[in-house]
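First the structure, which I've put down as structure tokens, then a few questions once you've had a look.
A, B, C, D and E label the chains in the order they appear, each numbered from 1.
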Amino acid sequence: MRIALHALPWLVAIGAYFAMPEQLPLLSAIAIAALFALSLDLLVGYAGFVTLGHAAFFGLGAYVAGILGQQGWGEPISGLLIAAAVAALLGLVTAPLVLRAGELAGLMVTLGLGLMLYEAANKAAFLTGGADGLQGVEIWPVFGAFRFDLWGRTAYLYSLAVLFVLFLLAQLLVRSPFGLSLRAIRENPKRAAAIGIPVKRRLAAAYVIAAAYAGVAGALLAQTTQFASLDALSFQRSAEGLLMLVLGGLGTLYGALIGAAAFTIAHHTLSEASPQFWQFWLGIALVALALLGRGGLMGALRRMTRR
Amino acid sequence: MITRRALALATTATLAAPRLVQAQSGNFRIGLILPMTGPFASTGRQVDAGIKAWLRRNGESVAGRRIEILLRDDTGTQPDVTRRLAQELVVRERVKALAGFGLTPLALAAAPIATEAKVPMVVMAAATSVIVQRSPFILRTSFTLPQATAPMAQWAAANGIRNVATLVTDFAPGLDAERAFKNRFTAAGGRIALELRTPLRNPDYAPFLQRVRDAAPEALFIFVPSGEGAALMKQFAERGLAQAGIRVIGTGDVLDDDILNEMGDVTLGAITSHHYSAAHDSAENRAFLESYAQVLPNVRPNFMAVGGFDGMHLIAEALKRTNGNDDGERLVAAAKGLSWTSPRGPITIDANTRDIVQDIYIRRAERRDGQIWNIEFDRIPQVRDEG
Amino acid sequence: MTAFLSVLLDGFASGMLLFVLSVGLSVTLGLMNVVNLAHGAFGMVGGYVCVVLLNRMGVPFPLALAGATVAAGVLGLVLERTLYVRLYRRDHLEQVLFSIGLVFVLGAAVDWFMGARQQLIQLPDWLSGRVEFWGVGLGRYRIFLIAVCGALVAALHLGLVRTRFGAQLRAAVDDGVVARGMGLPVPRLFALTFTLGSALAGLGGALGVEVLGLDPTFPLKYMVYFLIVVAVGGTNTVIGPFVAALLLGIVDVLGKYYVPEVGAFIIYTAMVVLLLARPHGLLKRADA
Amino acid sequence: MIALGTCHLTRRFGGFTAVDAVSFNLLPGARHALIGPNGAGKTTFVNLLSGALPASEGQVMLFGQDITHLPQHARVRAGLARTFQVNQLFPQFTPLESVTLAIGEREGQGATWWRGARHGAEAARLLDDLHFPEADRTRPTAELPYGRQRLLEIALALALKPRVLLLDEPAAGVPPAESREVMQAIAALPRDVAVLLIEHDMDLVFRFAERITVLAFGAVLADGEPDAIAKDPRVREAYLGTAEVAHG
Amino acid sequence: MADPLLFIENLSAGWGEGLVLEGISLRVEEGQALALLGRNGAGKTTLINTLMGIARQRGGAIRLAGTVLDRLAPERRATLGLGWVPQERAVFRSLTVAENLTAVARPGRWDEKAVYALFPRLAERRRNLGSQLSGGEQQMLAIGRALMLNPRLLLLDEPLEGLAPVIVQGLLFAIQRLVRDEGMAAILIEQHATQILPITDQAVILDRGRIVAKGASSQMLAEPALLERHLGLSLH
């Protein structure tokens, strides 16, 4: 029963491939958004560290993978790994700054660093294409066999597979002593320190891991769309990721998946039905959810199943 | 009434299951991707209304096929969304043409989809030279910045202006404009005193204009995206640049018809070069204005609207030529070399480059009947993009 | 040198405007610990009310400013009493979800009535153009901005320092529990403060139409700036955010003037450095 | 050998000196109580010992090692554990999870990410020893009765196998009906652990302590055997008020 | 007028899930001063905070001059006549002395002038910020601030705590004036029983959240054994 419940989202995701062959681009977008939300969940949901600049890692991953593809190394999987490594490196370098400042100030430092990277990418047009985006990205077929096709079949299966693997890894992570210690820090940093948890070091580790995850998500976007642009680094991207996560429910991993799917589908459906005023309805939904539900959609789901 | 029904149809179609869509395959579906929200929403609204004006004027049936527009919002800032929407429209909605594309990065992101899906992609707003080279299926009915800029440089040089500062927005169209102006102007013996680039988002023009004032050129050449001109012109006036003897010249984007009237007296006398003015004196334009007023009352159509109007016309003419056949390669072939008289004047789709060839007008902002208009006073016929 | 002074005064003016727009946010954050990302929406509403009054109804500019202030204040009061009051005890992230939703709703509503394009106003003649003092040129409107915002800063500061309401407000920020125990109606104080903050944002939005522009994306476009002012300025005084806003305005403008290539990089760097040096705000010592 | 010692330990907040040059020794295996009126600086003192607060001056030594500048978690590694006056628990964790986590950290496996937590059995054994009811071990901590949460405070500290244990008012706020378990747990603390008990409940103090230190105004007022302390006039004054008024 | 000024019946209360007080019943008449004694952690402050509506009331009833307080917000209780002097004084640090007084003022006999007359020291420091005062001055200010509400019942939570003996004497004198000469009803919390018993009428001793002794203050003062047992250090 429990296993069936865990398998359900993935069965739905695979079923969607067959049931909605015409919706694959949207489904890929959901998978990538879910991975980004998942990376935020590790940091915000589990370690309790809120960031407003997570798009820095997403965008960095996107540009790294994109530039690799543009410069003649279009092998996708190594591209993902390199993007993850570079994003993690940025995380490692910035973690001390971000952790130094403490709560509100730390939050603003993440925002500031994110904005700085955005500006840097904007100015480094020789490398990034500036405001016009990175042109001429060429990604080779996955495993040398599966080309990124117009229907988005490869893109979706590839994104889904990466999401799945990283989800399993995340699950392993949050259930491990390390993951437990992150939750402990979120729940009570005072007590966490008193049982011998090196709080800052663990938070820094979570920050680096989340950075790598976000880097992979960004790289996936760049590879599947063969394009990278500044908005991958934008504050909006960070905020949207947080919205998805809060919408789905923090600290459950599944919340990230559900939130990303719900937000993307709602956004897509509403903007299709009303290209000019979809924000109104999306806004109403967000306001209502914030007023009514605690713990996001996962919270609501749990309350329903408990009843 | 007709448009409303088309809209209703479009809405039901999007909500209904894919099978239903196939049952309506007699329709010729066009996927229209525009920034309908966000900072560039006014561009989307204008193009959309231009298309509706064409449909209102010419009916929704072309060569026995009913035209159906599927409008999507890409918010203007997310190229990956533009690309995904293009992909979806092609794959799921089976559109036979893509259209719209408010900004250069958005158009560039969607170009590979057009190539791969082999559907014509009609660029109605974005204006960087390079766009049409990105796919053999791209056709353009807007303009290019070098196209609109070079005549301005020439006019300035010919009218005794020797020393110019340039101020452009820091993205591809701006750089295109900067380069085109500089090349043509220096070739004609002019000198560029100062080159400034302002950020695309959150620009504050005051410090830039202060620098211009310090440099004291004879004229300031400006390119900023549609809508931004107001803030710039106000600052120009407030800084007292006019009193300091600096004239404003620029491309028509700066004195966008959409907001020209509200920009007020600060614009009077500014010289710009562009391919369309709502004040263009022709029967075609009067008819266009009339149809447009029925779609969007109280809004003056600008060059974006005419790009949409002509883009729709281009698709329709191509479809007529193929006798309703919606094969992408045939449609593009049919579109190549088409010429007609648009509300802006005579235009041609170049058979080789698929880019637009059109007259560029030199205009002066003047008050007529209580409103401010860009009054055309000189014309450079059939200008090509030279970027 | 004169150019420097001109630019400096520009930065001063835009910093002051930024202060009026964001001061409400810092007070509500300090008083009720509510993260209200929709603060800019009140500025937007004020801007649109000003545009409508001025352009469609022909109301004189000063009256239009007053109208914008009142309208944004009333909207703030209504929303505080009906919606915000339910979110005080919630998680900050839920407040973020709520306030972003509100930004979407208000933005779309404004779009529905007014369209998406830039809104423009015609200033009265006495505010147009430019004057020169000893060779230093300054736009009349910027002088007006400095005068109005300066008067507001002074009034706010004096109001907070000299009036009983101000003392009660500071008491509530100092220690909300004890303040209630002393009979101070903290919820009502907060509603009033929220109203005042919204009204100020409305006024700022109206004053900013000419300088910052106005379209439905206004609240999101400037949100980052408001957050910077609050984070750098701290939440326990009016002076902290004021200094922060001035710094931000001046650094931004000077940066664009002298090193336009670097652009917005400067303010972000300045913010990060300030936050690392003084995590609790400009005027507050770390251990206080 | 001294288990935990301080030398002129001082902590100032602005102009206020909360802990004033306290020199104090805790012997291995000691049963030592720290008492004093409210505001005497007891909790600040504990925070200085555990590293939750940095000292303004002076030294803290643990088994001869200077730990004054060690962060909290390093002091825990070195064998110093504490409980809190106001519960500091992980509300969403079950007691079993909490204790397992603490044991894992003790064993240096807190950074392990590739497999689940071990030590569940040891955690269960520890809870057995404390007579922690089976049914409450797998409920979220926040839902437990207060007394049981206090017991968990002690369990978390014991899970670290400390050599020195600081108990900050372990019985505070526990309703009488639930206090038995806590009292039992304190009575049954391993003999080889040096315990410093901060407590107001004099019953508990005199039942438990073999030595008492009295803190007042941040300084040591008296130090000695319980009987001597109970009779010390300075201590009586600190607790009952000035002698003159008492006579007057 | 059957209702006493303050009437507490079978009150239980605590913080969050923790239960600190159980089965407390008490009454305070007009003009009466009650000493609330007990060791640290006995529940004295929790009782005061429950009266103020800050700690969580779990059962029982509280009435002030007949008005049920049980569910009222703290600010309502204050305006109904409770004058709270919180533990550790908690003066408003960023307000001046004068502002601390005027911000909470309600009309009545006690105004700024009257407070300054009671504590001349405050008059000298009226322009200083709360954060700049010494401990004793802060305590005077906290009492003065509560008086500005013109309360019917003053709740003094350990007003002598942590102060030097000289200052303690001065404060005791002022409090004595209030309750003896002004007839102000008050509840006084103190660990040091011998200091406040002489200036109160009734006394109650709390231990572990329950009332363990009750009686006239003078009587209690005469029973050192009782005090020693409940407040001192000896074994039971």
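Just so we're on the same page, contacts are C-beta pairs under 8 Å (C-beta built on N, C-alpha and C of every residue); 3 or more make two chains touch, one makes a residue touch a chain.
Computed from a prediction, not measured in an experiment: that's the story for all the values here.
Engineer: Can you list every chain in contact with both chain C and chain D?
Structural biologist: Expected: A, E.
Engineer: Using the stated contact rule, I'd like to know whether A-D or C-E comes out ahead in C-beta pair count.
Structural biologist: A-D
Engineer: Compare the CA centroid of chain A with every other chain's and tell me the farthest one.
Structural biologist: E
Engineer: Taking each chain's centre as its mean C-alpha position, how far apart are chain B and chain D in Å?
Structural biologist: 74
Engineer: With chain centres defined as C-alpha means, what is the inter-centre distance between chain B and chain C in Å?
Structural biologist: The mean C-alpha positions of chain B and chain C differ by 36 Å.
Engineer: If you average the CA atoms of chain A and of chain E, how far apart do the two points sit, in angstrom?
Structural biologist: Chain centroid spacing, chain A to chain E, equals 55 Å.
Engineer: For chain B, give me the residues that contact two or more of the other chains.
Structural biologist: In chain B, 36-37, 41, 44-45, 199 touch at least two other chains.
Engineer: For chain D, which residues are shared contacts with two or more other chains?
Structural biologist: none
Engineer: Considering chain A alone, which of its residues make contact with at least two other chains?
Structural biologist: Correct list: 122, 236, 276, 278-279.
Engineer: Show which residues of chain C lie in contact with chain A when the two form their complex.
Structural biologist: Residue list for chain C touching chain A: 83, 86-87, 90, 92-98, 100-109, 111-112, 116, 220, 224, 227-228, 231-232, 261-265, 268-269, 271-272, 275-276, 279-280.
Engineer: Which residues, counting only chain A, touch chain B once they are in their complex?
Structural biologist: Going by the criterion above, the answer is residues 22-26, 28-29, 122, 130-133, 135, 150-152, 221, 225-227, 229, 231-232, 234, 236, 271-273, 275-276, 278-279.
Engineer: Write out the stretch or stretches of chain A touching chain C in their complex.
Structural biologist: Chain A reaches chain C through residues 44, 50, 97, 100-102, 104-109, 111-113, 115-116, 119-120, 122-123, 235-236, 239, 242-243, 246-247, 250, 276-280, 282-291, 294.
Engineer: Considering the complex alone, what residue numbers of chain D touch chain A?
Structural biologist: Chain D residues touching chain A: 50-52, 71-74, 76-77, 81-82, 84, 88-93, 97-98, 100-102, 104-106, 109-117, 156, 159-160.
Engineer: Spell out the residues on chain E that touch chain C in their complex, using ranges where they run on.
Structural biologist: 52, 54, 73-75, 77-79, 84, 86, 90, 92-95, 99-100, 102-104, 106, 145-146, 149
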